[in-house]
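Next come two complexes built around chain A: one with chain B, the other with chain C.
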Partner chain A sequence: MLFNKRTERIFFWVFFPLALLMPLFLAENTFFVSKLTSIMIFALFVMSLDYLVGRCGLITLGHAMFYGLGGYLFWMIAPEYEAVNFWVYTFYICMIAAAVALIIGFLVLRTSGIYMIMITLAFAQMAFYFFSDSIEFGGTDGLFIYVKPETSIFGLSFFDLDNPTHFYYLCLLSLFNTLIFFRILIRSRFGRVVDAIHENPGRTTALGYNIFVFRLMSYVIASALGAYAGYLFTLQYGFVNPSMLAWTTSGSALVMSILGGMGSIYGAILGTFVYEGLHYVLEHLTEHWMLFMGALIIAMVMVFKNGIAGSMEKLLEKRT
Partner chain B sequence: MNTQVSLDLKVMLETQGLCKYWGGLKALDDISLQFFDKQLHGIVGPNGAGKSTLLNLLCGHYKPTRGSILHKEEAIEAIKPYAFARRGIGRSFQKTNIYPGATCLENCCVAVQRRMGGSFNILRSRYTQKVLDEIASEALEKVGLGARRDVVASQISYGEQRQLEIAMVLATSPEVLLLDEPMAGMGHEESQLIIELLKTLRREYCIVLVEHDMDAVFELSDQLTVMVDGQHLTTGSVDQVRDDPRVKEAYLGQGDEVF
Partner chain C sequence: MTTSLFLVQLINGLQYGLLLFLIASGLTLVFGVMGILNLAHGSMYMVGAYLVWYFVEHTGSFGLSALISAVIALLIGILMERTLIRQLYRRNHLDQVLLTIGMIFVFNALQGLLWGNDPLGVAVPSALSSAIPVTDVLEYPVYRIFVALFCVGIAALMYFMINKTRLGMLIRAGESNREMVECLGIDIRKLYTIVFAIGVMLAAIAGVAAAPMSSIVPGMGEHILITCFVVVVIGGMGSIKGAFIAALLVGLVDTFASILVPQLSSMMIYILMAFILLIKPQGLFSS
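Then we have the complex of A and B:
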């Protein structure tokens, strides 16, 4: 079975049908459709981080580097006034990001714990200042994407990226695929070794595994998906700017992952929706929303010991 | 060396002038030993004699300061730690070292999968390879944990965790077993279980056993090495070692254990 927990199955059968029907209720309200789309894109990013932090035990504060890279890469490799194929460029961007992650991971993964946090942060800050200081990349203002890609496969086009509802469904599909992909990955034999390394790296080495290779592979996979999320973000808003690469982006993603339940993967969706939902509500209630947001996050992290997913599991798994 | 071994025994593992210094401290100084196939080689000595250091060198966890380790006549001291296990040198740890959150079976499956391959397969389910489960179950049966296969490892008793530790090593199908105090912290009955287990294993593998329980070591060893302060004192059959005046002195000098 792909989902070995009841809670996960319940979440799956509640969230996706709801998300599928949502645009029907919000047909006139494109603002909400766009808002939900951007939350789903970020949830995809948080999910890739959640895999790294929660499943592999590799705590990084530089994951936003790949988020931003996804956007900048599209600007760099796509022609400016010509619609390219979305799927082809998804492939290109993921592959280039994977290659970058292979090199950076090779250096970063020689360290662990607090040192790894520092080094990933250093790399991300380097990327941040590189893009925000260079005129070619638009400096702090970033760059505009004038033409959105078209999405035809063999001449059949399913999504029109300029249509918010279509784009919403594309992002929902991406989120769905990513969740399924990570579940398959975790259930696989590769996932078995990843779990083993997370729980007891020393023992896993003693059993004959080269743990560095498994960590590197995980890092590359998560980074490529992080870049894909950044690419979607860029397509949604039609611009890319250095704030995508800022460490605060990594930081909030980490908070969302912890809030949702680290390592649960589907918790990333919960965490992102709760965080962004609160953000949205508080922002409209008061100017000092950050103060209340902070207090609420602290309270929630303390109440939900293993995140929202962990608390839900505690509630739902007992009765089985 | 005053070792008397019949010629048909095959040397599995050998150390030549093995040294490990921590700064000025000679944790292990000039150790040359031979470990034979299908024999149990006991290593005893007072605390701080360098027994665990020797095991950590033999399994690749530490790199020697000087000297070499030969496995089947090939020098292996420079290879990576994980490569030791791949050559069939398995070890158990003094401090229980398992995957506490996984079931006993899963613990052993991780060990078996290393050899069976497919560890880079990101698509195929880990639960579909029956052969793997069977070999893992076999290893559990061997140490007497057959009934516990689906219990989470943190839920079984301390003694059972020690057994699981050995099952995991066996599951890697090693040729050499390096056992670091497998009976540490066990009650008499539990120890007896391990002793019985080692009696069945010692004709199948090359076993290096570091153990504080003297009765057990004397009962099990084909060969016995005594170490003191990182130095090799003597190696021989159990009777030879027992009668060696230097050994008595070393232990009496320390004032802890007496034969």
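Then we have the complex of A and C:
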């Protein structure tokens, strides 16, 4: 079975049918459709981070670098006034991001623990200043994307990216595929070795695995998916700017992933929806929403150690 | 570049580096002794600057305001350690990162609540407001030289405290083996409270010192925090000597990069950090 926990199956069968039907209820309200779309895009990004931090034990504070890179790469490689094919460019962007991640990962993964947190942050800051200081990339204002890609495969086009509801379904499909992909990856032989490395790197090495290669592969996969999320963000809003790569983006993604339940993958969706939902509600109640958000984060670390997924599992799993 | 301009920039770089040392030393001390990565450290820099602004508005005296601000920072530090940080000693770095991110949110919200989001400024204290002429057109403010000397003084004081006093001996012992210190009958919890509060106070003092030189704005804490990370990582986490040398290095590189390679100036210190970590993954002076 793809999901080995009951909680995960329940989540799967509640979330996806609900998300599938949601636009039918919100047909009039395009604001909520695009709000939910942007949350799903960020959930995809958080999921890739959750795999890296929770599954591989590689704590990074620089994951937003790839989120931003996804957006800037599209601007760089796509012609400005011509609609390109969405699927082809998805492939290009993921491949280029993977190549960048291969080089950076090769350097970053030489360090570990606290040093890795710092050096990933350093690379992300470098990228941040590179884009925010250069005139060619629009500086702090960023850049506009004038033409959105078309999505035909073999002449058939299912999604019109200018239509918010179509874009919503494209993002839902992406989120669904990413979740399934990570589940398959975790259950595969590769995923088992990654879990073993997280558990005990020394012993895994002794068993004859080159742990550096497995870590590097994981880093590359997570980074490419992070870039894909950034690419979707850019397409949704039609712009890209340096705040996408700011360290606060990495920080809040980390908070969401921990809120959801580190390493559970589906928890990333829960964490992002709860965080963004609270953010939305608090922001409308008071301009000092940060105070409550901060208090919530502190309370979470103190009391609520395994995140939402962990607490749900405690409630729902059969005691053995 | 003329000699006088070079000299002015050299002093600027050193002065900036010394200020960075003041903040980074607290960060590295807390990490070295307690194993805590405090992301809210930069917020205390911000708190220091806002506090001194608030008290200067009310008392009119910079010296008195600075003193009150430092004492308040010390009390905030004790409170933070006693209530929250204490719970984290046996947890992993991820929990520490998360908790201190939560604290950043709280500090930023309180700053907005208490003092608003408009940029503020503190006047340079009148005794130090003159400037020393360097050439016919260039002059150098006395206050900046005073701050540099003050930072050197604090560095010397810290060196003395850590190497010559009983408290310093305990700090060094706590760094190398905390169980053994406890076995010798020393209350390590009290030591941790003291170290954390001193670290926080150093950041706040840096904020106080920087207040008359730069504008006081929301988010100033996060910006300086990231720069201090660079300093601490280059110097080696937990090493005060390393932090001192790295702070001067970062100060000089940052200052000269903005004149010599303006396009790369903001990136330069991160390039430096990446380069050093590739050669020495544990920093220059890792303990």
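Heads up, the rule we're going with is that the second predicted complex is superposed on the first by the 314 of 320 C-alpha atoms of A that agree within 3 Å, B and C clash if a C-alpha of one lies under 4 Å from a C-alpha of the other, contacts with A are read in each partner's own complex, and residues count from 1 in each chain.
By our rule, a contact is a pair of C-beta atoms (placed from the backbone, for glycine too) under 8 Å apart; a residue touches a chain by one contact, two chains touch by 3 or more.
Note that the coordinates shown come from a computational prediction; the quantities given were computed from them, not determined experimentally.
Q: Examine A:M293 and indicate which partner it touches, taking first as chain B and second as chain C; both and neither are also allowed.
A: second
Q: Applying the document's definition of touch, where does A:A206 land relative to chain B and chain C: first, second, both, or neither?
A: first
Q: Give one of first, second, both or neither to describe whether A:F123 is in contact with chain B, with chain C, with both, or with none.
A: It touches chain C, and chain B stays clear.
Q: Identify the partner contact of A:M302: answer first if only chain B is touched, second if only chain C is, both if each is, neither if none is.
A: In the superposition, A:M302 touches chain C alone.
Q: Is chain A touched at more residues by chain B or by chain C?
A: Chain A has more residues touched by C than by the other partner.
Q: Is A:I41 touching anything from chain B or chain C once the two structures are fitted on A? First, second, both or neither.
A: The answer is neither, since A:I41 touches no partner chain.
Q: Once the complexes are superposed, what residues of chain A are shared between the chain B interface and the chain C interface?
A: On chain A, the chain B and chain C contacts do not overlap at all.
Q: Taking the complex as given, what residues does chain A use to touch chain C?
A: Residues of chain A touching chain C: 53, 59, 61, 107, 110-111, 113-115, 117-119, 121-123, 125-126, 129-130, 132-134, 247-248, 251, 254-255, 258, 262, 287-291, 293-298, 300-302.
Q: Which part of chain C faces chain A closely enough to touch in the complex?
A: Residue list for chain C touching chain A: 31, 37, 84, 87-88, 93-95, 97-99, 101-110, 112-113, 222, 226, 229-230, 232-233, 237, 263, 265-267, 270-271, 273-274, 277-278, 281-283.
Q: Where on chain B is chain A touching in the complex?
A: 59, 61, 80-86, 90-91, 93, 97-102, 106, 109-111, 113-115, 118-127, 129, 168, 172
Q: In their complex, what parts of chain A are in touch with chain B?
A: Contacts found on chain A: 184-185, 187-193, 195-196, 199-200, 202-211, 214, 217, 221.
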